[in-house]
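Each of the next two complexes has subunit A plus one more chain, namely subunit B in the first and subunit C in the second.
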Partner chain A sequence: MAADLKPAWKSSDLMPFKYLKRKVKLKSKQQELLIRVSILFLVYVLAFIARLFSVLRYESMIHEFDPYFNYRTTLFLTQKGFYEFWNWFDSESWYPLGRIIGGTLYPGLMVTAALIYWTLRFFRFAVHIREVCVLTAPFFASNTTLVAYFFGKEIWDSGAGLVAAALIAICPGYISRSVAGSYDNEGVAIFALLLTFYLFVKAVNTGSLAWALASAFSYFYMVSAWGGYVFIINLIPLYVLVLLITGRYSLRLYVAYNCMYILGMLLAMQIRFVGFQHVQSGEHMAAMGVFFLMQVFYFLDWVKHQLNDPKLFQAFLRIAVTCTVGVGAVALGVGTASGYISPWTGRFYSLLDPTYAKDHIPIIASVSEHQPTAWSSFMFDFHILLLLFPAGLYFCFKRLSDATIFIVMYGLTSMYFAGVMVRLILVATPAVCLISAIAVSATIKNLTLLLRTKNKVSQSGSTKATSGAKASSKASLVQSQPFQGNVVIALLVGAFYLLSRYATHCTWVTSEAYSSPSIVLAARGAHGNRVIFDDYREAYFWLRQNTPSDAKVMSWWDYGYQITAMGNRTVIVDNNTWNNTHIATVGRAMSSYEDEAFEIMRSLDVDYVLVVFGGVTGYSSDDINK
Partner chain B sequence: MAKLAIAIFLAISLVLFSRLSFSRESLTGRRILVLLDDLSIKSSHSIFFNSLRSRGFDLDFKLAEDKSLSLQRYSQYLYDGLVLFSPSVERFGGALDLGAVLDFVDSGHNLIIAADSSASDLIKSVATECGVDFDEDPSAMVIDHNSYAVSETEGDHTLIAADDFIESDAILGKNKIEAPILFEGIGHSLNAGSSLVVKVLSASPSAYSANPSSKLSNPPSLTGPALSLVSVVQARNNARIMISGSLSMFSNRFFRSGVQKAGTSAKYKKSGNEQFVTELSKWVFHERGHLKAVNVRHQKVGETDEPAVYRIKDDLDFSVEIYEWSGKSWEPYVADDVQVQFYMMSPYVLNTLSTDQKGLYHTSFKVPDVYGVFQFKIEYHKLGYTSLSLSKQIPVRPFRHNEYERFITTAFPYYGASFTTMAGFFIFSFIFLYHK
Partner chain C sequence: MAPPTIGARLTPAVSIFALLSLLVVALPSAQEVQIINAERRIDLTSHIIRVFLTLKVESIGTAAVSEILLAFPPTEADHLALIKVQAAVGKRKKRAYVPLEVNPTEVPDAPNGTKYFTISLLNPLKSGEAATLEVLYILTHSLEPFPAEISQSESQSVYYRDSALLLSPYHVKQQMTFIKTPSTKVESFTTVEPTNRASTELKYGPYEDRTPYSYSPIIVHFQNNNPFAVVEELVREVEISHWGSLHITEHYSLLHAGARHKGIFSRVEYQSRPSFSGVSSIKRLLARLPPRVHSVYYRDEIGNISSSHLRTDVQKSELEIEPRYPLFGGWKATFVIGYGLPLQDFLFESPDGRRYLNFSFGCPFVETVVDKLTIKVVLPEGSKDPSAVVPFPVEQRLEKKYSYLDVVGRTVLVLEKKNVVPEHNTPFQVYYTFNPIFMLAEPIMLASAFFLIFMACVAYLNIDISIRK
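Moving on to the complex of A and B:
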């Protein structure tokens, strides 16, 4: 192209030259856009197909435990409609208590899948709802890459955005919860989380009501999808507080936060499971406190503006701050003492104090995904991002802005939480990817810039000698570091090597560790051949075929969702943990002697007991091992 | 054509088969196997057997050691009842043994056991399995020096006149048994571990179990109130068992002989044995005290169809029909103590049902303010009657989102506040923007 343009450039006079220049400029911009869009498109597709290992290797099916519940509810939603779903009282789980499904779940995931399903049906694509459910998580993972791109662009530049999109597309920490078939809340929630953060940062940067409104709606979607929204409603106030303390208060921040908080709160109250928690629960009080603080700040600003007398203002400030803090403390104290504001829940405590759950709520501590994270799993899930993360932080601190402060805070807090609980690696993943992307992008940019200036200098030195002084100074700079070019190339090669290692690692992890559905087990036989154990599904099918339709099945709570979804039988407990007494009763029946257990089971009207025994095949996670 | 013929044949055989299977359901024409030590008992106890026959039973007399004995063929039981009038048999013949007798009872069939002083270990072990322990001393008999039956010879007071009956119309019939029962045989005690055994005829407090021909060296193990003469068992599957320590209690001789209890002046021309044994055998063979509950219905007040689910605080009607078998037909069962529970892990509602004297029991109540999977439960266990225990599951759901009150009067201040705020804001904005 350059060769094509040069003759025209030489032979033209002023007018066409200007025109052409504009044309060239446009063209290179278009070129860049084209490259960017095609990269994004490829990343989008890559994020989707990297998650299809399990479908290719096994079949299109729902994985694990909780997704079966989500699948069952989605099926109900598509068959019976939204109002039936909303009012659904499920008498098949938690026998004999039953469960108000509509009031005890986050409906975002099911509604999303049902909407996709209805849209496809509208366009006459005859898909089964199961396929939609299986592919919802990969689809949203793809969307997350887009959000990551825009987020990266917002906090750094479009290069960082592209790298972030590429990194997050294959990061194992995210893939672990979003492979095809892993139809769980997290699949859409990470998208919503990142979108909320992006829109909020955008709102803070622009001070626009519209972006804040968008952020509030995104927050609403997040609340409807996952309990992890508590992270947002605590991180954003914390961020605002940090901005206030560091003296970065601005009207933009005021508009963004107030609009987002008030509207987000009102919208979140529409979710039945969340209800009045935003004004009543201790976990949400930080946001409300910051909201009031914001008003006080604004008021003080106004008073300062009106008074025009520093001394008077100082006195006023002292009184005002004392009064506000006093009133806030009294309100919180009265609220807590009267029981209007509920104290923090166990999971929240266990995040702040990792030993809390072990001492007080054994049921939370007993879940494997609530364990503290081992170093190896950090390495496993992040790989080189773990090394790039501090570097990215360094770059962020070097170019501190409202946006980078946000990403730094997001990264640091979520890294801490990821260390406390294994499952929260997921929340940390987008932050780690973004910060690492900044590191990668900034480094490569610096390196290529060095390379390019050197080339340019040498080129311009050979072709033109107009700006001689500048060129000579550049040349002297280059000459002062003799092997700079080679070093830069070596560093670039190293960076690409690392990134390619990251890509291979991610692919390997995805295919080996995160793509097994855990309901169908695969093992290598003595001769290296693959053996598939489909015993779970056979057992549930047996229950479905051979037991009376009102039979009650008791099992460890792990299998509850699967029994109701696949066996279509009433269960005593399932994976939802809203009633610890009931779980404890079943646990006791399972672990005591027969005659004692028999009495407990009689009192619960149990007809069948499902026990998983792995002694024959060497399946280690059976019931004997519990 | 051939196909049609086959189809017709199949249809006919199906009808026939269903007829056959249907007749098994009804309670007439039932067969009873009577095992004897010696065929002379057939004539010496003929009054008892004839009374059974006259009530529609087919009796099949066999010697206990008969080689062809079998209770079932092709895993179908051939008999509905078993009478063991063979106290001295050491081993049953044929395929019958202790396990087979117990299986027979476990599958819901009835059993009468009569022992006497020659009772073998086999008969005793059958009784033990039923929850009754006969005196282990093989030569022991029940002796009562106070309430023996007066006879010409002084004797050793082993012929007892017992009149300590259980108070149950269901077991012994409505007519009171006036004359004492003549009893001669061995006594038994009830196994403390078995809650199903009931004493029907108890010995007087002065009775004891010992060898009448030898001198009493140490105190007898079974005395007074612990000593039972006739006991019955109703198993959890409603199989009924009668155990008596005296075979001669059933005999024509005892049926016909007069009785006078020692120490009383009342002299009866005829002992109470015939009435007692007949009534008791009616009970054992389910001609009395057999209940059935049918037509369990429940619906919302004012509706006729049974709903699949109730809402909390619904008013509902519950009704059930209970009948008793009279030997020929189902008669309405009348009682004022039948209760229904609305049950989820514990009863939330416990109501006594009112009856219309024609077998229909009815109550209505409000569903409690608790959601979950409830059961209508009737657990009716009354002495002498078969136990009724039925449950019907029904889920109770909470309010739907549109079943709450739309506007609450007490909340009108809040509605007013929000609307005035809206209006105020609008006016304020208007003034702020356009008033200069």
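Moving on to the complex of A and C:
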């Protein structure tokens, strides 16, 4: 943008006459810039306010279950400082085991919110940390639209970028995890994910070390924010591998990947929860393998350059490849056998094989958001994007480049994962939006181009076209042009109709399905008035105010985070389901006869039991139903 | 000089007190004044006890008397929230009341730790002159629940302890005491002849010619289902904004100080039989707010509480709130209420050019006791020399607060008072000087910040900082 404007000003100093001429010439470019910036700004604002339904309809509050844990830790962070937070041993959950919070969470979200909070405080904006937490997700969603714009611009053109920004701003698949109050890791993680991908693609396109470095830092942020970083560390090597296989190896790729991988890995090791997984866990081995493969490629390239003899090189290649594969296999085998490299975790297996969790880890399978996705929810979350996605893929294949290959791979893999697990629709959303944006942008661009050329033709021979259309049976080319124009207009109208349907659908879904905090339930009374069921908070607040401060509360693990956050009391189990035995003990106490359950509860030192009963109000997801 | 009749249900401590009081020798000052007639009306209908005492005092000494002593047993003195005295001036039709000054005093060798208050009379009483004094004093935390624990379906009964005779350092010629109970359900009461009971009223007396410090303990055991709403701590923050509004934030920690809750709480029974179940629980509270109140909110640490109603009219606003859960005896709840008020109703300019805030002290909730009340008046940034005028003694200090876009911070005048009752809801004033130019500080700051941002953008777009040419 800066470059576009520069000549006008420079020349203005020297030659005022020429400047005037140039100014007129630059006008359309300036206009375009202005329109682009204002559209982006509007999209930015739209992405934010579309997520405020829940605040307007209910109140500024934290939603669901996990966000309460995040809120509680953020509160702790802002009150006690980072060191206390990092070394926090929480005795209020998993009684009597406790939990080392600093070592078992992704601190990215909390640190982000705390930084925003401290910044605002520094500028004397006396906000409450809760407001910051509630609005963190919408804020990052807005930032995601900017990243989507730049990403779209990088892989296609600025038009596709704008469409991508607009699509992702209101896409229900993303809104479902980023409405105001849903203060969860995913809120910032999608931003970090897309930013990492964008910066990496930029690095590959330019071969610049700076972009690769930025990508590594963005990856570090992603690792600190969400466990989904595993997707990045597997997708990028896969992408590199595909580029290698398709013969698109270049020095740009070499610089981008090596810098990003090495620095990203070293940075990621600073997160205590991740630790040495990058060199020890089976899930991260693909990246390391590709890293070594890159070195081999580079080495071979060099040897090829040095040898300058195809026959000799062929022989050398054979030996080198055999050796490399052999050494790699032996290393992997030894690592796995000695236990240095840990095998894949259950969650990872269940992604590759959808039936795995059902047979081996029932607690993962029992969570509703880990279920395979139904078609309806694809339609619900993507709407027309589902139809535009294949079209976008077509355009991508038509104009293959390093960047489009990346987005195609991202789209295809994430779509597969979205099919395996409902919650991974979220990961697929940016890819689907980008690819659909390419489809929309390319289609509309082609159509408008057709319309413009047709207009030019008709302007030059307008009299011929209007008067002679019926009478003279000229060449079919001239005949078909008005017909073609109508089709173009019809198609354009259809596209706009579809897009407007998409907008209404998104608004409807957001307001109806994704904007309820699930702590407060609202219903319509007999006279159309709103009835609010606030029983959860009533119970938690009672616990907070009227029980001894060291009381232990037993409940199903669903309510663990909420009891510790809102009730401020010790719980036996919570939503961080790290100890299945403990959960099973509580489950047994909950489902046994009273005298038996009493013994178990005595052994667990329980003072209070929280049971949710929905029989009176007709609330179906109560404890009896579990 | 009949010894006081000791009631059947007297606790040992009280009886010792009574016996000791017999040994007391009248204080020297007592010789100069005698009480011709004393009439006490004790109102026990809520948990705030209001005692209306009418004294007709006469000077019998030689010198003129300018001060009258009021005596309280130490237990009562600890719970004394407020004491007001008025002198009746004029005869019958033209009778007017003039408030008199009352101050706590120490009297040497007070029997059994009796506490005294001195009433300063307007005109000293010459020998033989009489005056009528109207005394109102309010006691809090003086009803003891018995049984101390009740279940959800039971009613709450309380003990009230007092003396049938007025504790006074003076000779009392004639006295009567009326006790008003909230209902006719009185379990028992000490009889000190003559004692009568008629519906909700107990009548002790008349008793004639009692010596100074006569004491006759009585206990009344009666049903009192009024919720014992006690705010353990109330912090009211009044923030003045010269842009036209006054913001009040009130932090409550509420306690039901009645009989403790025993056993389980059944929500179904509570809702289906409201007249039998949880009759003494706090279901809702009513706050009387000033008229033209706006942006009212009611929330606590974990979010908004949806059960409140606001009624406004020209005279007053009424906010009715329900706690998240009904408060039974011993249960607590904390919450915050906030509202805004138009500034012109409360901020005025005094003749000397200073501004003053005229606002009501005390808790807006009806029939609540506040154990500790803190009022923080947040003055606008740049205001100087704050001083408060409060009609009763309070502790004062200054603080600093940083709010939106503050640079030097706002001066906060903190007023603290313990044991506050609804009668303390009288206006108080805070005077300060303020230069209106300070109002512009924040808008100018914002405007210049935006200006700088735009300037930076323009500069960025026009400066070529690339190394390559």
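Methods note: the second predicted complex is superposed on the first by the 579 of 626 C-alpha atoms of A that agree within 3 Å, B and C clash if a C-alpha of one lies under 4 Å from a C-alpha of the other, contacts with A are read in each partner's own complex, and residues count from 1 in each chain.
As a convention for this text, a contact is a pair of C-beta atoms (placed from the backbone, for glycine too) under 8 Å apart; a residue touches a chain by one contact, two chains touch by 3 or more.
Given the structure is predicted, the values throughout are model-derived calculations rather than measurements.
A.B. asks: Using the touch definition from the top, say if A:318 reaches subunit B (first), subunit C (second), both or neither.
C.D. replies: Once the two structures are laid over each other on A, A:318 reaches no partner at all.
A.B. asks: Which holds for A:80: it touches subunit B only (first), subunit C only (second), both, or neither?
C.D. replies: Touch status of A:80: no partner.
A.B. asks: Once the shared chain is lined up, is A:91 touching subunit B (first), subunit C (second), both, or neither of them?
C.D. replies: In the superposition, A:91 contacts subunit B only.
A.B. asks: Kindly classify A:59 by the partners it touches after superposition: subunit B alone (first), subunit C alone (second), both, or neither?
C.D. replies: second
A.B. asks: Does the superposition put A:128 against subunit B (first), subunit C (second), both, or neither?
C.D. replies: Neither: A:128 stays clear of subunit B and subunit C.
A.B. asks: Let me test your reading of the model: by the given contact rule, A:603 touches which partner, first (subunit B), second (subunit C), both or neither?
C.D. replies: A:603 sits against subunit B, while subunit C stays out of touch.
A.B. asks: Does subunit B (first) or subunit C (second) touch A:537, or do both, or does neither?
C.D. replies: It touches subunit C, and subunit B stays clear.
A.B. asks: Is A:100 touching the first partner subunit B, the second partner subunit C, both, or neither of them?
C.D. replies: The first partner, subunit B, only.
A.B. asks: In this superposed model, does subunit C or subunit B come into contact with more residues of subunit A?
C.D. replies: Here the partner covering more residues of subunit A is C.
A.B. asks: For a test of understanding, state which residues of subunit C touch subunit A in their complex under the given definition.
C.D. replies: Where subunit C meets subunit A, its residues are 268, 300-307, 324-325, 330-334, 402-407, 460-462, 464.
A.B. asks: Hey, which residues of subunit A end up touching subunit C in the complex?
C.D. replies: Against subunit C, subunit A makes touches at 1-2, 5-6, 9, 58-59, 61, 123-126, 520, 532, 534, 537-538, 540-542, 544-546, 566, 616.
A.B. asks: Give the list of subunit A residues in touch with subunit B in this complex.
C.D. replies: My answer: residues 83, 86-87, 89, 91, 95-98, 100, 550, 570, 603-605.
A.B. asks: Within the complex, which stretch of subunit B touches subunit A?
C.D. replies: Going through subunit B, the ones touching subunit A are 309, 344-345, 371-375, 393, 395-398, 400-401.
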